[in-house]
Amino acid sequence: MNAPSDPDFAAALSEARIDEDLFGRMRVRNLARWPTGAGVNLDEAIERHERLPAHKRLSAVMRAASAEGRCLTQPRGGFGTFELQKELMQVLDREGLADVVPTTTDSYTRNEQFHLAQKGVEESERLGRSLLNGYPMVNYGVAKAAELIDAIDKPAIMLTGTAMPKLTGEISFAGGYTGYLGSGIAYTSSYTKELSIEDGIRNYQYLDRLTALYQDRGIELHRRQPGFLTGTNIPPSVAIIVAILDMLLAAAQGVRNYGLEMGETLHLVQDAAAVKACRELCQEYLARKGYKDVYTPITLLHWMGAWPQDEAQCAALVSYGGTLAAIAGADSVTTKSTHEAFGIPTPKANAEGLRITRTAVYLARHIRLDSMQEFKDEVDLIKREVRPVVDKVLEMGDGDAAVGTVRACEAGVLDIPWSPNRWVKSRVMPARDADGCLRIFDPGLMPFPKDVMEIHEEKLRRRATRENVPFGVDLAVQSVYEISEPIAKLMSDKRAA
Amino acid sequence: MNAPSDPDFAAALSEARIDEDLFGRMRVRNLARWPTGAGVNLDEAIERHERLPAHKRLSAVMRAASAEGRCLTQPRGGFGTFELQKELMQVLDREGLADVVPTTTDSYTRNEQFHLAQKGVEESERLGRSLLNGYPMVNYGVAKAAELIDAIDKPAIMLTGTAMPKLTGEISFAGGYTGYLGSGIAYTSSYTKELSIEDGIRNYQYLDRLTALYQDRGIELHRRQPGFLTGTNIPPSVAIIVAILDMLLAAAQGVRNYGLEMGETLHLVQDAAAVKACRELCQEYLARKGYKDVYTPITLLHWMGAWPQDEAQCAALVSYGGTLAAIAGADSVTTKSTHEAFGIPTPKANAEGLRITRTAVYLARHIRLDSMQEFKDEVDLIKREVRPVVDKVLEMGDGDAAVGTVRACEAGVLDIPWSPNRWVKSRVMPARDADGCLRIFDPGLMPFPKDVMEIHEEKLRRRATRENVPFGVDLAVQSVYEISEPIAKLMSDKRAA
Amino acid sequence: MTQKTIVTGVIGSDTHIVGNRILSMALEKAGYKLVSLGALTPAADFIRAAIETNADAILVSSLYGQGELDCRGFRDLCVEAGLENMLLYVGGNLVVGKHPWEQVEKIFLDMGFDRAAAPGTRVEAVLEWLAQDLGERERIGKPA
Amino acid sequence: MTQKTIVTGVIGSDTHIVGNRILSMALEKAGYKLVSLGALTPAADFIRAAIETNADAILVSSLYGQGELDCRGFRDLCVEAGLENMLLYVGGNLVVGKHPWEQVEKIFLDMGFDRAAAPGTRVEAVLEWLAQDLGERERIGKPA
């Protein structure tokens, strides 16, 4: 992990673009941290990317999808050995018809515990099954990454759920990956305990700066922000607040193709409103900060909270996840499978999740909610929640998004529900309301306007009244379980007519 | 089959309620047609129904669902032997959480070929697997029907897809079934080749008159009209036209609890509009004809056309089928399974279809489209299609729905797409338009207003242009296949970005 | 090749007419002479129509699951009627339930059908079969 | 029964804190003294905390699939630290992928855990186990 004495972190934190020379020295130190770092050669990498056809470059594929109003499908997926990973990616490409093929890294790699990952690889190879929950990209290195890219006919994206992306980023980009999911605020707050938000931001400034380096050489890579955060009942406004800040940090480093993700709330109107609000607010803040030409596609993610154990119920969640993304007009949807409650899905189950979703997208592709009153109201409400918080954060940093974020986390002005990170207050607490929308039960110290909070409270009280439960924190806890309950409990078939 | 010399058919056709004495004589003759008819005793039957708790009476369960704004789930299902049928109904009740448990009859029973059905039972019992595509209700008789009712804790409905319901109706009602699906116009036109519409209407007048007999004795039974017709791209207006006429015929016999079914178009807005338009138009015509207090709940049915072979694609169709019904505010939804393209589903697959649907209903239960402009426009369009045709049919019968229907079928004024029946012109031809709605490509001789047909044509021409195919009958044929195509063909993952 | 005559219909108490009608439309368009018996057609009617029209092939549809009962003895009926070499196809959802296609196909080939078409077969495939089988018969001079 | 102390945490590099936190909240509400170590907790930290607080039980969460690697030798660490009789539970999504629960349970019982909780276990079940097992120990005077 990054010690405070890390020379890369000597300068004071700021959003400013990392200076070219400094960045060169940072890269040298970074690549020296594990033997496979030596396999990274920028000129060769650029050549490799230049040879990729457009349909294998995620930046171009995303832009084309937006232009055509299409919603792409993308799964998650990573196994502990190269052979398993290659087979997985091929199954997702060919049987799953994935538009974007993923490589999820394992949790040791995510925490840069490359020695532990090495042990995991060896045991997995010995037993012939994956003991790691993902692919150890760093241990396998650049040449193997390139082999994976060659094995498929789609663009590939790295899914690393890490606050420490510097080596996985270098190696995967060099291998021909054209997308990388992750960001400093989102992942540090949801994937780490001890790492400070400041260090997480700095780590991602490196990755974004690296992306800009490729951009300068004519290679546009797709970067993406994981707004699902802790995946646990994140209301759209909280996701969008973090999305905007992460995006401003990336834009400052020179990123031009930056996607925003949000976990689905599972409420059709709220999800559609979230996509529209996020799209507009991102462009609004980019314009305010003077960034032009940053392309910001939106991705919705299948339900990120706890899943039911019944595969039939899961099939409905998978399918509805596609429906929601299509109707919301998302540029892509990230899929799950009917195995979600149990463990990492088999390639077959994963591919089925993709085809269920694709069919759902096809069926709903013509529907838009723009003329619906509830939709307009919800877009408006989300914007009224987002702007005051983002403005306050920027104000706290005297206009600097990096400084403002760190100070705002300390103060609880920027907060994230259910975070494991000790630098995050995690006092904000969401719950589902009487209409099935995610609302804020307790804002913690986040500066949401009073009139907005009154709306949330009224809707949550209505739920408490209807279910005859106290208006308290149990509303939030129950909302964590809700979607994972047996459907017989959620909607009984036993009735006294 | 009913010969023209049938004494029941001596009187001239009319919608008038069958006279009590005549009906008594008709019942005697009907029950004498097969030995198990002797098992029907009206007094015992009334007692049996009086002993049923409210939650096992479909009339009450439907009314409660409407009052609570709930969308019930109901599968289809029939096997060739009593033991298999009982097990099926229990699985659907307990593992499928079905709100309404079905008994589908086999096709010999549907055609009153009870001798053939008997052979089918014997062979099925010998082989231990079902050679019949449903349960031979008449062959097994009243006592066995009552045993099936006792085996479940839900109301049961007969699904018989027949134009000859007189014996299955008597036996199942006597056994404690509280619902019966079927109607004279819909089923005669979609399930028979030689039987005339007139004879089909007369047969259902018997069933509806029987229902009224129970009603007079204080037992409200649920009758239901199968507006899905030939299940093949039926536009809402065509379904609703037939629904209204069948309903008026039933109301004339004294039925008070009459459901209307429609196959889903798979277009969210069109399906929601269809439910609203059907609900309102039914009550409008009931009022016009002076019937008060006829309760008319609406049921949507999972896609009734050809299904894809891929179970993953089917899961999306099943799930979306629940979503559509919930958002449309249907009172119930009739489900299919991932086995649909192949054959009658196993009890397990059938139960899964139910749970997928139930979950989808749960997830979308809060959504309504009332404030959406496209929705309002579609409701309006459907009404503009329905009224001119129904009015013309009634006019052709000098106000008598039965007489008008027969004359209108002869003239092609009332028409049904893809009908096997030689008394139906089957010149009207539907196809899917550029927005995914079902439209009328060729109205045949149906008197749809000119301005309405122009709207349909414009939307269909847009599709032809977009797909670069001629504006011709192939649009209709392609629309028969569309939903059953592999998703890779419908929405390719191969793209030149 | 002279114009060939083909009898089509849906056997037994089966009302599923859509696929059979689309098939008939496509065969007609492809140049065959069609004798379309429609839905709910008894086995004997197929044979009668074939004799009357001197047909080259009979295409039996069965979708509703009871085809296994309806089609038994179909070849024997042909033989009795002197049509021992009649080209016989059957297609649709031939049995009740979802079963491996190989098993289902065997049941119907054993019954004496020359080909059986799996659920969802497209008209293009049927056209190919016919061209091949009728061509073959023409070549070896096998009487229809 | 005197107030019992329970150590909870999520082992290894695992960040899934939600279930563990809800569990800790529920145990606290039920009257236990809680030592919550949170996410990403090394095995050794559990043992250290248990010694320091003289705990009666350790509840290890593992959701991310690598629990099989992280939990190996956990009982040995306890034994080495003189906690041979410590009541040890483990729960969550313990291995990578979907496997029959009996197999997974066996792996962890063989490692020396007293109980293993299947995916999705509710807090009520955990409270029952604890009441039963700690009650039993109290009764037979087995040292924690």
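Observations, loosely collected:
Order as written gives the chain letters A, B, C and D; numbering starts at 1 within each chain.
Rule of thumb we're sticking to: a contact is a pair of C-beta atoms (placed from the backbone, for glycine too) under 8 Å apart; a residue touches a chain by one contact, two chains touch by 3 or more.
Note that the structure is predicted; figures quoted are calculated from it, not measured.
Graph distance from chain A to chain C, where chains that touch are one step apart, equals 2. Between the Cα centres of chain B and chain D there is a gap of 56 Å. Rounded to a whole number, the gap between the C-alpha centres of chain B and chain C is 30 angstrom. Chain C and chain D, compared by their mean Cα positions, are separated by 67 Å. Residues of chain C in contact with two or more other chains: none.
Shown for chain A are the residues that touch two or more other chains, of which there are none.
Chain contact topology: the protein chains form an open path, each linked only to its neighbours in the line. Chain pairs that touch one another are A-B, A-D, B-C. Taken together, the chain B residues at the contact with chain C in this complex read 80, 106-108, 110-111, 113, 116, 119-120, 123, 129-133, 190-194, 230, 232, 306, 309, 339, 341-346, 349, 418-420, 422, 477, 480-481, 484.
Remark: chain D residues 10, 12-15, 17-19, 21-22, 25, 38-40, 64-66, 68-69, 93, 95-99, 119-120, 122 touch chain A in the complex. Against chain B, the residues of chain A that register as touching in their complex are 54-55, 57, 60-61, 63-64, 97-99, 153-154, 266-269, 308, 310-313, 315-320, 322-323, 327, 351-353, 355-367, 369, 371-374, 435-436, 487-488, 490-491, 493-497.
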